[in-house]
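Have a look at this one.
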Amino acid sequence: MTTFENDYSAGAHPKVLQRLVETNLEPLTGYGNDQYCASAKEKIRAACGCPDAEVFFLTGGTQANAVVTGTVLKPYQGVLAADTGHVAVHEAGAIEYTGHKVLTLPHHDGKLDPAEVADYIRRFYEDENHGSMVFPGMVYISHPTEYGTLYTKNELEQLAEVCHSHRIPLFLDGARLGYGLASRETDVTLETIAACCDVFYIGGTKVGALCGEAVVFPQGGAPEHFVTLTKQRGAMLAKGRLLGVQFDALFTDGLYWEIGRHAIEMAERLKALLKEKGRRFYLESPTNQQFLIFEDGELERLRQKIVVSFWEKVDAEHTAVRLATSWATTEEDLEELRKCL
Amino acid sequence: MTTFENDYSAGAHPKVLQRLVETNLEPLTGYGNDQYCASAKEKIRAACGCPDAEVFFLTGGTQANAVVTGTVLKPYQGVLAADTGHVAVHEAGAIEYTGHKVLTLPHHDGKLDPAEVADYIRRFYEDENHGSMVFPGMVYISHPTEYGTLYTKNELEQLAEVCHSHRIPLFLDGARLGYGLASRETDVTLETIAACCDVFYIGGTKVGALCGEAVVFPQGGAPEHFVTLTKQRGAMLAKGRLLGVQFDALFTDGLYWEIGRHAIEMAERLKALLKEKGRRFYLESPTNQQFLIFEDGELERLRQKIVVSFWEKVDAEHTAVRLATSWATTEEDLEELRKCL
Amino acid sequence: MTTFENDYSAGAHPKVLQRLVETNLEPLTGYGNDQYCASAKEKIRAACGCPDAEVFFLTGGTQANAVVTGTVLKPYQGVLAADTGHVAVHEAGAIEYTGHKVLTLPHHDGKLDPAEVADYIRRFYEDENHGSMVFPGMVYISHPTEYGTLYTKNELEQLAEVCHSHRIPLFLDGARLGYGLASRETDVTLETIAACCDVFYIGGTKVGALCGEAVVFPQGGAPEHFVTLTKQRGAMLAKGRLLGVQFDALFTDGLYWEIGRHAIEMAERLKALLKEKGRRFYLESPTNQQFLIFEDGELERLRQKIVVSFWEKVDAEHTAVRLATSWATTEEDLEELRKCL
Amino acid sequence: MTTFENDYSAGAHPKVLQRLVETNLEPLTGYGNDQYCASAKEKIRAACGCPDAEVFFLTGGTQANAVVTGTVLKPYQGVLAADTGHVAVHEAGAIEYTGHKVLTLPHHDGKLDPAEVADYIRRFYEDENHGSMVFPGMVYISHPTEYGTLYTKNELEQLAEVCHSHRIPLFLDGARLGYGLASRETDVTLETIAACCDVFYIGGTKVGALCGEAVVFPQGGAPEHFVTLTKQRGAMLAKGRLLGVQFDALFTDGLYWEIGRHAIEMAERLKALLKEKGRRFYLESPTNQQFLIFEDGELERLRQKIVVSFWEKVDAEHTAVRLATSWATTEEDLEELRKCL
């Protein structure tokens, strides 16, 4: 079977795995205090252009979202997110488990509209009863979004402006950040993100690591005793090296960008192939996730050879599915798909 | 100033207060184990037609909603509610504080549509990713709703049918239940509610008590050690008598219904008066809360004599306000309003 | 039956109840924004000698402890308490429900030893693994303690010194504060408490009110949006007047002190009577709770006429019990006890 | 530097790492639904002699403790543990973060005494006020304990008997289980543990894996939707293969036991060496952790060549330290230590 099921089907990028093998027998101190964590943090600071950034390694995306949101928000606050946001829908209530509400706004191809965010906050404070309501205390965005779409630099700057004028942080979920940075249709760089956001994370799990997300507070200001809080919330590994070595590899010789570019190259060829074959796109995505609508019978035939992800039923006879590329996608995979279409 | 601000502006109904005075010096055991609590529970069981009902007294509505929702839901579940529901908007995140998500559906004059609830649950289980989502584990309705509207008996039965076919409880917030039961446009009795709901509460605070809500599990089945859980969540009074004596009074000689009828009588006369004066209603309410739209200048003049509640801005020149009646509303209040219009 | 069961057996002090009756029909705005709450707060500020104090009314002691502790502590902190402290033992896990640990130290007749608190904190920071441990973030004391004992002014000052040298707040649970202030063996005044503590509460429930505790931040500095947080945690009454009117009465013409003095007068006579009769005291208490050890057969006989509280089994044939006085204790009660001994 | 710092200083056992390399490019479905997770679970069921066991892979010990405790306990319950238990001291309040209290009993070389557990529970229910207290709802033990000690089979059976007679589960933290099973001084097998405990986990992180703990409910009965709950609590990896492949390797050809035996062999030689040199032991441990007391000057000299863990200050001139062996400990390490002594 050829798979386009998702971007976490394979293990680690071979260069990442190789570094785990090479360093395996070195005795290292635990809990993220080893030299590889230190080195990886320094490389991430450099890549962000933020020498004072505070960087922490956590194991997964839902965990990163919950730990960041749950520790940055004040107890009377909730987090604003698109109604399609991962924190709003697909984390089994992880944010609520921290005691906080996800306040939702309608999405626009997965994105928040800065003007609508501003309007929400303005109306909140105008409401005479807002003292009995959950205060908007953070804005959460994903980039790429759950639909593979990207914010423009201008949109990020507007969101930052809205947030900062109300003194609330902007948090960017970069579970697939590598694919966003490598898109051919973006003016957003890692430096842009570091300049606009108060906290964000650089996804490893879906961009070449076995696991791991690098949470970055680009201007510092992480919650006090953040390391203790990650321990408290079950987010700390005794062998912190597992994350340090991987991120050190990802940020050596531009591997993180190389992985992104490869997946985007494969995604562009996938798009071209599907367009050439006259297939119907659910929406236009400039990153590694492509959303297509298939007639159900045809989908059934396709799925005998190709693994794709169910997205949603479109109507009685059509289904939307997702095809994702990654560092592990090969030309043979594309060729196999071509044969099946 | 004449007030229609809300239904909790005055203290207790005089008969309720009188019983507090009469029993004040009797030494009674604490924590709700006194004879007045026992008597009040027995009268509530009788009024519900449920001899096996478990009844608990809590001090307020948000507290009752949070304690019930937080103890009845399983940890992977959330509560379905109208997007205008009190638990969704006006409890400062009390449900999320218990670790649970409020799953919202669009309201219809404050009400949930049973078919939409059924559809939501069906689609949830059809979603291949529902294992990463919050399971619908309870349906919350308010009766009267936040808009003063009422479910019909048929609607309650349909909601119960939907809930029970999925083995999830139906929870009714009766903060203003007395006004719903006394409405001239309802076929819903306390027995109906006890038959349809798995848990509900009979509001005291807004229906003649100084404070207090009676949480009823009509067929039993309250969470294990519910009393200990109310202690844990700060919902237990040492002098449980305060609630027992009041509810005992409210359920003696039909006082709870008498209070409801008086408020409804006053509300009907208020409606007639406002219609006679050609005023614009925001929606049609059959209970003690009436929602009107005023031109802002006129509203300002009115507010010099009459206290009403801000509801929302309708447009640049108009505002929706609420006028509420209660056991304490008098003919003089109505006469004063008539003069001002 | 004559009762010495506890200090919350009767309803409200008649003067308190009278004010509830007198103000009952006045229409007042809700949620603690009424004039009686304002007046009571002002009187409490004056009594504390703290014109800038922030004062909030909550309904009960466990609730007050949980709301204060849960909102003042940072998420990586726990609260230090005596192992007999109410928060450590008798609140059904209310503090843990807020997500925080109670860190216990051995009690000395119910009290914490300032030197042991200092030692605990010093050793905590010396432990190389303290980053994986719960940080001591507040010191909780009760005054009077659960054993009726009192801190001296010097002890309170030492505790304050320890706390403030580590920048953590000192929190005093004054559920029975009135009886502590009126003791004949104390040099601690309300002003002392306000000067030493960062937050404390003045108990109403056990000192003449139907319910209610006044939480005081004597130098201000309450958690941001504390009122919203009380709403979120189910601790807010719609009819905030219920608490405002009662505390306004308690702090008018020295009623709070009068109640305390009467109970202490009765307790001293109770002690004298019991000593005269050669009874065995469990410990020496200078307040309204007296702890005695009875031979079981004798206790059984006593309990046919007098209600006392079980405290603990001392050995196979003896039981410790508590006798409490209050504003409601009468000379007849004492006389009845004398007859039974 | 030669290290005896802990048992998680090196990476993965080479055979474990090799399997990660061999399987790296295979496309596998996510979230633990892959064939390696299935195979590993089957091998664990066989090793436990429990064909109906439910097995789940989590990433670390604190996480496993918090997820199990937080989902198995009922909301009015706490977990009984030794006052030296990991959950009581070194998890930064992770259990309390789930809303539950850790109820502590004095330890005996790190262990709970079954009779004291039984006595605690008996006294709890005899206390007339237990309705206001935290109910003992689970017993937590670690095996080996934090002091390297082991329960006997008889002790485990007694604990199981106490638990089951009160219908509460026995939970065993096996973070270092492999070293316990391989001890030369134990009659406890994996089957014993599976027979006595209601839930336990088999530690991977400290026994040859990069990360990972296998939570086992030997007779089934895991909390409903446990997988969703692990997602909610940030404990699920998208690439579940990382844990499945590792545990599959650990339970192939007895690798888990081989790792244990090697570490125990090294520990026994370490003990012999230290005894030969006349060193002072803090206590007698039959597993891979050895606790020694050094004079401070000597310790300082030792630490220039050998890494050991600080345990605690014994007196002004002596310090207790821990030396741990693991699969990675070599004869050269021991030789190096011999030279330094």
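Note that the chains take the letters A, B, C and D in the order they are written out, and that residue 1 is the start of every chain.
Criterion: contacts are C-beta pairs under 8 Å (C-beta built on N, C-alpha and C of every residue); 3 or more make two chains touch, one makes a residue touch a chain.
This one's a predicted model, so the numbers in the text were calculated from it and none came from an experiment.
J.: Per the definition at the top, count C-beta pairs in contact and tell me whether A-D or A-B has more.
T.: When A-B is set beside A-D, the one with more contacts is A-D.
J.: Among all other chains, pick the one whose mean CA position is farthest from the mean CA position of chain B.
T.: Farthest by centroid: D.
J.: How many angstrom lie between the CA centroids of chain B and chain D, rounded to a whole number?
T.: Chain centroid spacing, chain B to chain D, equals 50 Å.
J.: So the centre of each chain is just the mean of its C-alpha atoms; given that, what is the distance between chain A and chain D in Å?
T.: Taking the mean C-alpha position of each chain, the two centres sit 33 Å apart.
J.: For chain A versus chain B, what separation do you get between their C-alpha means, in angstrom?
T.: Computed from C-alpha means, the inter-chain centre distance equals 42 Å.
J.: Give me the residues of chain A that touch two or more other chains.
T.: Residues 76, 91-93, 97, 99, 131-132, 228-229, 231-232 of chain A touch two or more partner chains.
J.: So in the complex, which bits of chain B are touching chain D?
T.: For this pair, the touching residues of chain B are 70-71, 74-76, 99, 131-132, 135, 223-225, 227-229, 231-232.
J.: Mind pulling up the chain C residues that touch chain B in the complex?
T.: Chain C reaches chain B through residues 1, 3, 5-6, 8-12, 14, 17, 20-21, 23-30, 59-63, 66-67, 91-94, 97, 205-206, 210-211, 228-229, 231-239, 241-242, 307, 328.
J.: What residues on chain D touch chain C, complex-wise?
T.: Residues 76, 78, 89-93, 96-97, 99-102, 126-129, 131-134, 310, 312-313 of chain D touch chain C in their complex.
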